[in-house]
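Chain IDs A, B and C follow the sequence of writing; residue 1 opens each chain.
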Amino acid sequence: MTPGIRRTGIEKTMKMVLMISALASVLIVLLIFLFTAKEAMPAFREIGIGKMLSDTTWRPGNNQFGILAMIAGSGLVTLGAVFIGVPLALGTAVFLSEIAPLWVAKIVRPSIELLAGIPSVVYGLFGMVVIVPWVRMIPAPGNTGYGLLSASIVLAVMVLPTIANISEFAVRSVPRGYKEGSMALGATKWETISRVIIPAAKPGIISAVVLGLGRALGETIAMIMVIGNSVILPTPVTSNPLSIFLSRARTLTGNIAVEISYATGVHESALFATGVILFILIMLVNSSARFLMRKGARS
Amino acid sequence: MNKRSFAQNTAFGIFWLTGATAVLIMVFVVGYIMVKGLPGISADFFTTSPRGGLSGEGGIYSTIVTTFYMIVVTLAFATPLGVGAAIYLTEYSANTESRVVRKLVILARFGVETLAGVPSIIFGLFGYALFVTALNMGFSILSASLAGACLIIPVIIRTTEEALKSVPAGYREGSLALGANRWETTWKVVLPAAFRGISTGVLLSAGRIVSETAIFFVTLGGSYRVPHSLMSGGRTMALHVYYLAMETRAFDKAMSTAAVLVGMIILMNLIINTITSRISAKQG
Amino acid sequence: MKRKIAGLIALVPVILLGACGEPGDGTPDDASAESVETVELSVVGSTTVQPLAELLSEAYEAIDPNVLVTVSGGGSSVGVKSASEQTADIGMASREIKDSEIQECPEIVVHTIARDGIAIVSSLDVDVDGVTMEEARKIFAGEITDWGEVGGTPGMITIAAREEGSGTRSAFEDLVMDDAFISETAILQPSNGAIRTTIASTPGSIAFISFGYLDDSTKPMAIDGALPTSGNVNAGTYPVVRPLNMVTYGEPTGAAAEWLEFIIGEDGQAIVAAEGYLPVN
């Protein structure tokens, strides 16, 4: 074999190997979906997907497998986290990209990186010993501190770095010309930020929030440590509708983590079904974020 | 004008406040864990293994070993695949004419983006069903690291792509002009130039493995013995925090272990930042 | 085309295994270099039995250093399943083995290593010292919602319980709840330890936990006048008791048999008693 042929041989082989690695992610996603769906089939067949999605009673011992309460739990806790976390994250993003002097940014940015790196089990622990006792001090019947509010606060801190980083990137990607033009026309810095830069970065900011939503929906360990895990449709505990956040709840992720090790038969399959529904939900959220980002990039 | 500058001052005040809040949250969380956790840390804490069942006595030696094994084995699975994928996506398919290849690239990117969004409990569920149960690997480092690899492959692909893109095009053109083929150029010229960037990605992934709990909760078993093969179960430090907080009477030990974890993450971030600033200094 | 795809799929594990050979190779050699022949026993299952099994394995390894017992969690059902499918040497279950499980795998052999009482505990602020079985059922079913109804200072009762499928929960349901369901508003936690933490920190709360988890952070409650103590269980006055089981596929042999023998023996049972569980006679 001449060196030339060997070289081309290596080149061809490597190209093939690299292509396979590139497609590995697709294969893994496919494998995960198919495998989870296969394990979920008995539940879908025996219980019925419609019944699972519409029934609020989850009582595996009695063959009742409704996950509506968990969907509501996941939805509400995410909503709460967005409500608390988004203003903070967006403020931080604008602050970092437009306002903060370099030395301040050098403190703020690593702080956010560190928040992103802290393990979720540590957030859960912190939630258990700090946040839950705080929330317990709110006077309301049946308030134990464990519930949506504590979980939302913990989750808000956890998604803050995701939302802040991506929206900072979006704000920075606004062409400098926009800013200079606006300032040249006599606008103040704040007018430029609020009327030119933020509107121009809007698609990126929205997709940052949606991606944060996706992360929030997927969080598991920290949630089971603070949310109380009760399988109930959350309801306000007082006449104030906001007190719904003092209710305990369970997330879709928590349902899987809490029960998978004990489940057999249809119960186990129903947990895989919970996984399939969570998977589809997050796929929808993430692809809408990507769609928004592309739309933003085009316009 | 007064009104306008008042609006600006108020708005900027609020932005300063949010920035400060973000820092304060970090200081509070990290500070709390450190203040509660550090007093329990001694040399013994690092050199003895957990023991005593419910009482949660002992240190964290075996959990450090397991964490280390998990990092090494997971990276061994994920790094070649992730770096390979990134090379294909940036080096091989960039200027392609072939429509098939373009379709493949779109498909591959879709896969990476989707994988990056999959929540870790799904990886755990998948790993539990496929590796632990169907393939009979049991609760083991092997099962857990295969499931864990799914989590970090997208991280490695993204950071490697960034690193490869930052290698000046002139390097490649020079090498190709000298008669080297695409692979030789990549292997001998582009990869060495991108090495620092890739290593930050690998380090970032190691951090994800250190932090991960949900996947390992359902695939690693939680035995606190020192693992002695790929088929042994184990308990990483993060998992140990969970077990200590949830199963034992030793809340103080949970705090100490959490403090060590947070310390590790701080260290990793410092290293990553140093590498990154050197890269930008070199390019700047 | 199909063959190509099949080839590609076959390649993936080859790449994976090639990559993992390195870290895996060194370690087993190290282990065998230390001792003549180390036998590894994998023990998997109930998180209630796990801490006890860990202690028992430490004690046993002090006697026979050639045996290495690896104790993993997973839950009672996983324990039985692992033994039936022989993915573990020994399965742990904190409840009776179900008929359906025996039907699925008639070969499994059950070894009761200890008995465990399930205690009803409240937070320390509760001034009710005991309840009747009937009251306990009604409290956990959510029919009695105020401490005033069972003779205490009026205040809302907060229930905490283990999740569906837990051995402790199913034993409690069998022994206390009859046909009633545990209230849906109960705080659910995935382990005895978490339940205890919840009760200790939540005023006016009540839950059930394994005897092994009793300590001064929660207040044990008498059922029908009997406090949850080993003495009362042995005297037959404390009614809520379940077995802690080890499950093997067929009669155990070798190291598994020796370890189980050690557990049932005097030294093993002393550890069982020291941890707050009830020895088997």
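In this text, contacts are C-beta pairs under 8 Å (C-beta built on N, C-alpha and C of every residue); 3 or more make two chains touch, one makes a residue touch a chain.
This one's a predicted model, so the numbers in the text were calculated from it and none came from an experiment.
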Q: Count the C-beta pairs in contact for A-B and for B-C, then report the pair with the higher count.
A: A-B
Q) Most remote chain relative to chain B, going by C-alpha centroids? A) C
**Q.** Mean-CA-position distance for chain C and chain B (Å)
**A.** 33
Q. How far is the middle of chain A from the middle of chain B, if each middle is the mean of its Cα atoms, in Å?
A. 17
**Q.** Junction residues of chain C, two or more chains touched
**A.** 15, 47, 73-74, 189-190, 194, 197
Q. Among the residues of chain B, which are close enough to touch at least two other chains?
A. 80-81, 245-246, 251
(Q) By the touch rule stated above, which residues of chain A touch at least two different other chains? (A) 17, 20, 23-24, 27, 128, 225, 257, 261
Q) Which residues, counting only chain C, touch chain B once they are in their complex? A) 15-16, 19-20, 22-24, 27-28, 30-31, 38, 40, 42, 44, 47, 50-52, 54-55, 58, 68-74, 82, 85, 87-88, 189-194, 197, 212-213, 215, 217, 275
Q.
Which residues of chain C touch chain A once you look at their complex with the stated criterion?
A. 8-9, 11-12, 15, 47, 73-78, 81, 100-101, 156, 158, 163-167, 170, 173, 181, 184-190, 194, 197-198, 201-202, 205
Q: Name, in rising order, each residue of chain A that touches chain B in their complex.
A: 7-8, 10-11, 14-15, 17-29, 31-32, 35-36, 39, 87-88, 91-92, 94-96, 99-100, 104, 107-108, 110-115, 117-126, 128-130, 157, 160, 164, 188-191, 193-194, 211, 214, 217-221, 225, 253, 256-257, 260-261, 271-272, 275, 278-279, 282-283, 285-286, 290
(Q) Going by the contact rule set out above, which residues of chain B touch chain A in the complex? (A) 4-5, 7-8, 11-12, 14-19, 21-23, 25-27, 29-30, 32-33, 36, 80-85, 87-89, 92-93, 104-105, 107-108, 110-115, 117-126, 128-130, 150, 153-154, 157, 181-184, 207, 210-214, 217-218, 238-239, 241-242, 245-246, 251, 254-255, 258, 261-262, 265-266, 268-269, 273
(Q) If we count contacts the way the header does, which residues on chain A are in touch with chain C in the complex? (A) 17, 20, 23-24, 27, 57-62, 128, 132-133, 136, 141-142, 144-146, 224-225, 228-232, 248, 250, 257-259, 261-265, 267
